[in-house]
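Next come the structures, one after another.
Here subunit A shows up in two complexes: once beside subunit B, once beside subunit C.
The block that comes next holds the complex of A and B.
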């Protein structure tokens, strides 16, 4: 029943994303229109895939740091990606792929730094050190980013600022294809870690006694979830709250076992972000809101509600 | 008939990274099928370290640790979890869970990577619940259990692993008398009825003396005595290890220790 509703929600969201838009095209013409095939369809699919990736990554990272309030961007990735993007904008790097690549490199750089923090002094990716390292690396990258932005010209500044809040206006079939090729590997690795992640919730030593190679698990999950987030941020900018909210919604609806959490978080994240993007490009049409603003405006009240539930129970 | 040798620890010495002294020194232990071993000693004497070293989590500095004749450190964790079930001293409960879900976690080392839960797994969960007298708790939420019920459920989870050896680290630490006795009776029954080997860390010298076949007494990382309770739990040993004057008595053929009051307060 819950699964049927989920499937219906996926279809409804995607249909709405295709039918609604700033250009009011009659349904009969829409079927043949490039607006559908070259704009709305790839954009809806990309938003769905990125939302799914953030949902899966959020589930994995919350399990890894054993903190239900963790977010895929908490480990410094957003700071690194933002820095990479702003450098690309400030240096006027040419070509359509310069910005996403620079953001990806920034995110992976931040990930590598935080990972290195996590191994310092023989610590094996201690959750507390990962979180502290993530905050420190994020703050450092944000400082450099702000320094660069403060030196930039007005239009560059606006571009950089909008990029940091996320959006899918650059969506194309090529970006959809890139994500379709890239995302399955980390997702399959995480899916294979589903049961060990259930055990990790007991703590590292109990998980080992129940058959988990904890050191290998933590490395695989950290790298896979981070690489998944890095790809999402590269094509869509920093979109907050999807990776934080979706795991909670899914745990409430489907329980805490990861072999159901991963697929449901993928679909729920996809629904949430595809819907948010539809709102972002229709509510102030013909202009667009950065999608990160929509997810934050919807996500923060939802988060407050969940937090209240969580602290009460 | 020789019983199967499950754990063999020989002259084991361990030291934690950057520690000034050895946590264990020249400790030996042999645990066979159908034997109940108790590990005694004051706080910081190396009991938990010995347990962790025996399970391949602390590498030996010298000596050997073998499980079923294979070095403990060479076992893949998954394979080891099918041979040894552990009830750790502490664990977290991050997310709400029902009893049967918790016990099912004990089946994880038997499941294939993407495969589902099979009938044999459900049967093993049911058997474990029966053996631990926890069938009635099946659908309860974990957080609604009393301390004694919670420990029985954790033993059931370890049993669901279908191990040859059951390891328990201070399982009765915060239990009242009835639940404490029930837990020791349960472990004894599992050893006698199922041919399991058991290795149990405890501070309860008298219960260890009454229930265990063998005791190993540790002090400052060294084995002070090893053998049947009646042979090794002497007044001199107990007083030296626990650093308190005691007298020994005998109940049902087992030694029982009675700590003395300080003379100046007790004319």
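The block that comes next holds the complex of A and C.
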């Protein structure tokens, strides 16, 4: 029943994303319109795929650090992506892909640094070290970013922040293809780790006794989830909150087992972000809202409701 | 006929601007000068300002235009017009102003753009005994009042008034019936366009081009590509200082090519130095835009 509702929600959200938009195109003309094929369809798919990727990444990272507050961007990724984007603009790197690629490289760089932190002194990706390392690397990257922005004379830099706040204005079939080619690998790796992740929830030692190679598991999960998030940053900027609340929603509705959590988090994340983007495009038309604002406005009340249920029960 | 009248009127305004700039007569320094600035403060000077720091390119242009250029002792890095302004020492980018660098120029008047951080900076200058004036300068209508007050404070009241009269007359002109439409795209991802409450929107209207986002009541706004497609402008106007102008990077991206003007490469490259800020050369900018529109048609 719950799964049928989820499937219906996916279809409704995608249909709404295709039918609604700031341009009033009559239904009959919509079928032949480039507005549908070149703008709305790639944008809806991109929003759905990015939402799904962030949802899956959130589930994996919350399981890894065993902390319900973990968000895919907590581990320094957003800071690194911001630094990459600002460097690309400050150096006037050419080409339409310079900005997303630089953001991706920045995010992966930050991730590598946090990973290195996490392995220092045999810490073996201790959640506390990962979280602290993530916060520290993020703050460091943000400091360099701010220094660059205040020292450089390019007025364009202000706009780098607009891009970073996230959105799907750059959606095209190319970006959809990029994420379609890229995302399956980390998602498959994570899905394969579903059972060991269930064991990890019992604690590292019990998981080890039950036959899990905890060391290898943590490294694989950390790298896959971070690379997935970095890909999302490259095509859509930093969109907060999806990766934080989707795992909670799914755990409440479908329980704690990862073989159901991963697929449901993918679909729920997709629904949330595709719906948020449709609202962002239409509610204040002809203007547009940054999609991160809508995810927060939709997400926070939902989150508050869930927290209430959680603490009461 | 109508267009001819409009054009001669505009040419007349350009001539008037030049004339206003040429007459640089000084008003004898009598008692105190008081003007009210756009933050509602009363600015009183015992004598015309002799050492002025201008913290906005528009103010620098205005000061030079009313013949007070020889009194400008400090400017921002952005102040690049008129060429004579480049000889004035720079005090930094002015965002926010470096109080020390400005004070080191020992000014008796600092002209600031009215904004939150600048109000704080103005208070700091006043505590150092330096007089300040905060002026709003976002729209064509604000050029006249600014010129008038700067004229008063620098002892060039007549030149200031006469430039102000030209600017007011330009601002009160009815829009020319538009035969073409355009969109000002400031940034592509997310797409940011210029709306109605802006200088550029007025310039376009006076040059005979309809800004397709004239219904957006703020100077700039984020929109989606789809909305630009639906509004279907004839031209995409871009502020650019690169010579020769290069089409923006996004012009080759598939999602942007759904916009007809982008697909057909109907770009208007407007020099940022002339169009990017309200200034005494507004009439020249309108004339320039009209010429470009006619050439592109």
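Here, the second predicted complex is superposed on the first by the 296 of 313 C-alpha atoms of A that agree within 3 Å, B and C clash if a C-alpha of one lies under 4 Å from a C-alpha of the other, contacts with A are read in each partner's own complex, and residues count from 1 in each chain.
Definition applied: a contact is a pair of C-beta atoms (placed from the backbone, for glycine too) under 8 Å apart; a residue touches a chain by one contact, two chains touch by 3 or more.
Because the structure is predicted, anything quoted here is derived from the model rather than measured.
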Touch check for A:219: first (subunit B), second (subunit C), both, or neither? neither
With the two structures laid over each other on chain A, which partner does A:122 touch: subunit B (first), subunit C (second), both, or neither? first
Max touched-residue count on subunit A (subunit B vs subunit C) belongs to chain C
Counting only touches as set out at the top, which of subunit B and subunit C does A:172 meet: first, second, both, neither? second
First, second, both or neither for A:211, with subunit B first and subunit C second: first
Can A:198 be said to touch subunit B (first), subunit C (second), both, or neither? first
With both complexes superposed on chain A, which partner does A:21 reach: first (subunit B), second (subunit C), both or neither? second
Should A:287 be classified as contacting the first partner (subunit B), the second (subunit C), both, or neither? second
With touch defined as at the start, can you tell me which subunit A residues reach subunit B in the complex? 66, 68, 122, 191-192, 195-196, 198-199, 201-203, 205-206, 208-213, 251, 256-257
Parts of subunit C lying in touch with subunit A, wherever the complex brings them together: 77, 93, 187-192, 213, 215-216, 221-227, 229-231, 249-250, 252-255, 257-258
Partner subunit C, residues of subunit A touching it in the complex: 21-25, 34-35, 38-40, 42, 94-96, 99, 153, 156, 159, 162-163, 167, 169-174, 281, 285-290
Touching residues (chain side subunit B, partner subunit A) in the complex: 17, 52, 55, 57, 76-82, 84-86, 88, 90-97, 101, 105-106, 108-109, 111, 113-114, 161
